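Note that the chains take the letters A, B, C, D and E in the order they are written out, and that residue 1 is the start of every chain.
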Amino acid sequence: MNELDKIPVRQELSVAEGNVKRSNPLANVFDELVRFCQSRSMFMLHYCTGCGAIELPPAMTSRFDMERLGIQPMVTPRQADILLITGYVSVKTLKRIILTYEQMPSPKYVIGICSCTVNGGMYWQSYATAKVLKEYLPVDIYIAGCMPRPEAVISGLRDLMGDIKSGRADNWKRYFQNYDHYLGNQQKLFGEDWQTPTDIIAEAEHYGLMTDQTLGEHTALLQKHQQPLEALEFSLGEKREKIQGENPREKNNE
Amino acid sequence: MHFYELLVELLLMPILAFVIGLAMVLMMRRIGARIQRRVGPPVLQPIYDIIKLYSKETQISHGLMHEIGIIMAVGGFIAAMTLLPVPGMSGLTDKGGAVTLAYMLMIPSLGMALGVGQCANPNGSIGISRALTAMLAYDIPFILVIFGASYVYGTTNLAEMVAIQQQQDVSSWGIVQMPLLALTALLILPATMGKHPFEIYVAPSEIATGPMVEMSGKFMGGLFVMQCFQLYTAGVIFTTLFLGGGVYWITFLPKIFLVVAIPMSVAYLFPRYRTEDVLRLMWKWPMLLGLIGLAVVMK
Amino acid sequence: MSKELNLWLDDLLKDIKIIQFKRKNSRRVRIDIAPEALPALLELLQGRASYVHLSAITCVDWIEDDEFELVYHVWSYETNSLVSAHTRISRDPGVYLSVYDLYTPAAFFERDIHEMFGLYFEGSPDMEKFILTEWNGPPPMRKDFDSEAFVNQTFSWEEYHPQWLKDIEAEGGGITTRPEDVR
Amino acid sequence: MTALDYLLLISAITVVIALLAGNMRVGGWLVTILYALQGAALLMMSGLGYSTLTVVQSSLRFNVLSEQMLWRFDALSWFFALITIGAGLFCSWFASGEWGEKYRDNGGSLRLFHGALALNVFTMLVLLASGDLLTLFIGWELVSWASFLIMALAGGKAFNYAMRYISYAFAGAMAVLGGLLLIYAEVGSFDFQSLKEAAPQMQASTLWLLVVLLTAGFGVKMAILPFHLWQAKAYAETPGPGAAFLGAISSRMGLFAFIVVIVQLIGISRLVEMEIPYTFLDAQDLLAWIAVFTIIIPTYIALRQHDARRLLAWHGVGQTGYMLLGLVIANDLGSAGGLMHVFNYASYQAMLFMAVVAVMHRTGTSDLNKLGGLFTRMPLSYLAMLIGIIGLAGLPPMNGFVSKWLIYRSLIVDGSPLLFIAAVIGTLGTILSVYKLIHNIFLGQLRVEHAAVREAPLSMVIPMMLLAAVVFVTGYFPGLVLDWTSAVQASIGLPVLAHHLGGVDMKGGLDMIWIVSVLLVGFGFGTLVFFLGGRSKRVHQLDNYAGGHFLTAETRYHYSDNFYPGLMHLIGPWYRNSFEWLERGVISAVDILSTAMQGLYRNAHPSYLLLVAVVFALSWVIV
Amino acid sequence: MRPENYEAIKQPPSNEFELNFGPNHPGIEGNYAFRVKLNGDEVLSARADAGYLHRGFEKLMEGRLWIQNIALVPRICVPDPVPMEVCYSLAIEELCGLEIPERAMWLRVMQLEMSRLAAHLFAFGGHAATTGMYTPMFWGVADRDLILDRFEELTGGRVYSIYNIPGGVRRDMPDGFLDRLGTLLDYLDSRLPDYDSLFFRNQVFIKRARDVGAMTQEQALKWGVTGPNLRATGLAFDVRRDDPYLVYDKIDFDIVTEPGGDALSRNLVRRAELKQSIRILRQIIKHLPSVKGAVRCPIPNPLAWNVPAGETYTRVESSKGELAYYVVSNGGDKPYRVHVRGPSSMHAVQVLEKLAVGSRLEDVAQIMFSLDACPPEVDR
């Protein structure tokens, strides 16, 4: 037996929470239906982050026709489900990618295309590109190659579809659950005053994805530097002024 | 007794409209795919998309008006569907005629406009500004067509129009009675559906898909639902005014699908016009044709 | 016609004392000139000899000589020939004159050289950062900036020796890595 | 003492009280209560509104030059008086709270403001109560001066605009006076009844002159087309709720006089007989077209405004056109539509102005380019404005839809496609500009300096909410207002609209109860569909798509100025300010003429005069 | 994007607003950003923002062997990688004084022209998509894929072929390759009328593209515009003819010009160049079998190759314009300095900024795509 066959293609990191069966059989059927639909309708973000993007048009257009699989390009992160990181990410781009990723509504999936996303690829020497993508974002699937052919891209997407259908593709939860870890890596690269407009902690709280890994020293650092970006809830009375008074930044100014 | 029948009708009409609309969206995407020499989406793709969007775990909202806007958009269409006569059901057509319908159809647009405004994204606002300008462009010929039809049939009640057209064979259809007005309506059909070359308000490469820019999850799903209703509405209005409306589903369905298919099959062959070109075009040819047609029918 | 012009130019340039003139082939000319005279030369080339197209400005960091070499490649659409004007300026303080008033494209090249080499051009319209807007380190194209050292210090690497490979190796197989290749 | 006497008396007392107590803290509330009392007096005559009572006389009457001057109320007066007092009540309520204090603190005289407002109401009631042409003219003049008073209050720029208004009003009054003298010369009496009897026998040329003079005279107040320039600026600069009051009802007085004299006494059917030579138009068509252009042109001028109050004021000019159009069409649908539009328009225009004033009160500006995103800060004002713009744009389920529907339907019945299209162009233009209004103020990016803005105080919100309720309820049950308009139709001799509580009884009619109910149920289903999805999470406005960039607070990320560039590329060159040019031309001509006259008086040398006299004498002798 | 900017700063009352084209925007080519200030739909000021694709190529190349860099250079311009390899190889050959065999030259020209075909087909699609017309994009990319198939057959790589090495090309072409290439050319020829009627003669498109981003010849020369964009202003200049390299002086082709200087003219120039490239390839198919010999000349051990000291400036015509490499060697086994002059470094920055100001929001994307700007060339 070839030794390469022994190499597991998938790294099982933990028991997938999405796969936990609910006790109600109807709810199970419903969950499966939803997951099926999610797998058959994937909107991918139109963001050419690197040179691998050149193989996406062929995959999208007439010859390979991704729409057969229900995959469509979408313009803004709000509408997208999958973020394709097509190749090397320069540090400047990585900031935008993180911003974009955080703006995407979950369930969201990250696909690292090209070898550069794994370990810097042929730009390992470069001062400008980040090397290991999964330190900054939870990556669901890597498609290796420089650059992978459209067939490979589509095959990778089909693997992702299978994962979604079976509920295994839940790395997006990991971002909320281990936010401190990811934020730490980001801060290491971008400086400690790094922040994005999306309030991940509040979102994790809102969707019940807080764990003890979510908060930590890095998030404490973030909160020290961050002007909290609360949603503009409407108010009829004097509530506003209180919040203004509690503004930590103003206190600092005094 | 009659009242309960009416209630059932009111409930059934939007549901039917939605289902037919889904099929129309599929048809649209399939036609596009064929013109672009590819296979296109599977049969249930529109429903997958909608279920997926509604089942998103994160639903990002920019505030209350963003949410109300989508509710208004979907709800307005649900209400407007009851004013469109379909075979066997005339709903509320006798409580408000074509003019009421034309104005009811602006409620969803208004709702969407308000919702998009709340998103605080200029891309969306530009999209709305363009959409409203396009509405100004096509609504004038559209109102002209409605006027002509109301004048010819002597009523604004859409169900009565269908009855009048069904009195004889094809010769009593609107398209025979007022061919020029029918042509006018056909010319503005792509604009009312927001399709190429009048797709200025979504324009991805300019304003990042305009109104949809901040829509995610169920908000986007609402817009998808709205699109189904929109296509359906365009088809049914044209059919009711000019193609003898619906008496039997077996004849009605091919008619509305045909009506929607015509603009779809040219849509993929054009770039989009600029905003003022849309206005110029809409105010020139359809208006001219419509006015001539009106002069002919009014003698 | 164009041949004559070329010959005329050769004669003209050979006569000027402060410059070194070297014709490589019928379409390539190399000129070495003192930094003070370079703008005058370019003005001459552009105004009188129709070298209107600035193809590129290259900066070379000769760190051992403690000098930057600036190379101005100008092309003439009439004589179809390219003149490369070389000049050397001191690395410190690294300030030179802009030729933006002669050649509009110079703005981009000078801006690029400014952020890559830290060489400042006086009179250039825009010396803001362009590509490295979010870069806080030294100008990276200087020879004294070691990219690899920076990378090793800043970025971490993907573990090429994961558990599953160790398991395989424990069974006596796997990919062997020589010790000197481990980074 | 009849009910009308009470009404006028209370109204006069209101003026006095307002002048005496206006500056006091309770002054405003006192005046508001007095308006409510006026309303109660009006309700004593509510039989007028339901055709159970035809006329209520005032006991005040006296004779001048053998003409009896008398004041009385009929259904028409009652209908207009209802709107007037309502507008006065809500506006003074709005002004009584914080707004008034701020106004006084900023150096304004609250006493004068309340006094002017009360005086306006009083003079309008006097005008509405006029029982003959002479009292009509007296009332007319009083109203003109009262309006001037409130417009000029703010001083400065406002005073200039008010001066412009008063010169227009003088010219208009002269035209009306000429018309009345002509009537007196023809009929020999200022009595309504005698004019009505004499009108069918009048010669066409006399009638033409009469119609032109009176329409022009009344039209100045209505600001119909060639005379529309003064209104928007003058109204927009009026302080706070004063603008709401003027916008709601003031220029309706012109329409009232028009209805009384032209529609009621001369009769639209008489106008149809007056053909314009060499064309296929008659006087009715001419008026209809004037109305239509009054709709279109000011509406599209409004589209270009970037001051919220100016924008609304220009719409006020435009909406007048719908009322005039409906009344000139003069069938049962059209006149009902026109009259109902008076009521509807007053309700939402007052509310819109109030919402804008509330925003100004909190932010200090009404410049549409300096606002934005206030929805989260002033939600109730937003609600008022939303309901107002839906009404103004004429969309269901608000009352504006019903009146516009009636007018459209009358045009379809009448078979006038061009008028119909023109009216629709106006409506669409309205939709465009009201979206700009609400978007630029309440939607979009909240500016940093407005982060701490609060909702307007209750004294301002409650009138707005009450008006919003009026707008919605009369949209849901238009029969409430249609009852009154039917009474008016009956009293001025127009065909009466068959209606029920929900709308219009006819083939292809309208039943708003069903329509609005189904719309509300539709919204309910929309909500259900919406809540099928998961719970939504609100995010900050800076968490927004910007092409992958990071948005910062100082980025101007709000699309406000030049809101419809595509449209303006096409129709922009058509804005030539022709009417401004015309006005300036007339002013110059008058200027030259008056200088010449002045020269004649000042520098008159007897020799020149002698020469002129000799030349005249000679020419008379020779010829 | 400094985080402290979230702090409250009073916004200036202004009629302008900002819009970011890119990096995540369909109206931008690749990973690039363009920030515009607008009033209504009129662009008041425009600012290009690059660096999203910056990898420090020039720095990387200084740290690698001469031969290793062959793998690096095509990645500088993704849609049209072949001219990069050729230009770099030419530079080394000039420094070493290598005479490459004629067959290698013909093979290189064939590859260059195939790459030009592919890049132009890609460019149309992008330009069409900015005007809202997706069908030409779908067709163009699918047809480009057929060319990539031939690439794969010739070189083994679909996009990055790394076929050129200093001294020639890596290997000869497979048997029957020219026949298959001929069939492909026939197919492309037969497709051109379809493209014409769908796109190039589409009246709506012409209305959209005419007078958009127009520049005069004087402006183009002043701003350093090259390639098809320069030819679209009426100047017949082409590096292939006027500064010939390889065997272009033996090939018969026309230099296409258009007078307009606007987006439409640029588009039509590319359309005509498709035709010319097909013509060149046909000549190659005819001529290549008659050129016999090796495909590369002997070179020293590439892993220990010390290129003689010197400097050279080589230029080729890529599908975007004038591409040049300035290579300096100090006699070592690695380049001392490589400077890449990508054609887009002019088009995507200065020219785009200048053309965008005063234009309309609708046209910004169209101007960028009609210039066929390629951001990685700017960033390097």
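Observations on the model:
The rule we apply is simple: contacts are C-beta pairs under 8 Å (C-beta built on N, C-alpha and C of every residue); 3 or more make two chains touch, one makes a residue touch a chain.
No experiment lies behind these values; they were computed from the predicted model shown.
Shared contact partners of chain A and chain E, listed by label, are B, C, D.
Hopping across touching chains, the smallest step count from chain A to chain B is 1. Chain centres computed from CA atoms place D at the largest separation from chain E. When every chain is reduced to the mean of its C-alpha atoms, the one closest to the centre of the whole protein set is B. More C-beta pairs touch across the B-D interface than across any other pair of chains. The chain with its C-alpha centre at the largest distance from the centre of chain C is D.
Between the Cα centres of chain C and chain D there is a gap of 72 Å. The distance from the centre of chain A to the centre of chain D, each centre being the mean of the chain's C-alpha atoms, comes to 57 Å.
Chain D has its Cα centroid 35 Å from the Cα centroid of chain B. Mean C-alpha position of chain D lies 64 Å from that of chain E. Looking at chain D, residues 373, 375-376, 379, 446, 451, 535, 537-539, 541-550, 557-559, 563, 565-566 sit in touch with two or more other chains.
Shown for chain A are the residues in touch with two or more other chains, namely 46-47, 61-63, 75-78, 92, 95-96, 100, 103, 125-128, 197, 203, 207, 229, 231-234. Contacts with at least two other chains are made by residues 1-2, 6-7, 17, 19, 23-26, 41, 51, 54, 56, 59-60, 63, 138-139, 142, 379 of chain E.
Chain pairs that touch one another, listed by label: A-B, A-C, A-D, A-E, B-D, B-E, C-E, D-E.
Listing the residues of chain A that touch chain E in their complex gives 45-51, 53-55, 57-58, 60-63, 73, 75-77, 88, 90, 92-93, 95-96, 100, 122-123, 125-129, 146-147, 149, 193-195, 197, 225-227, 229, 249. Listing the residues of chain A that touch chain D in their complex gives 47, 76-78, 95-96, 99-100, 103, 196-199, 202-203, 206-207, 229-238, 240-241, 244. On the side of chain E, the complex with chain B involves touching residues 17, 19, 25-27, 41, 128-135, 138-139, 142, 198, 202, 204-205, 207-208, 360-362, 364-366.
The residues of chain B lying in touch with chain E in their complex are 35-38, 122-123, 126, 196-197, 199, 203-208, 268-275, 277.
Looking at the complex, you find that chain D touches chain E at residues 367, 369-370, 447-449, 451, 542, 546-550, 552-563, 565-566, 568.
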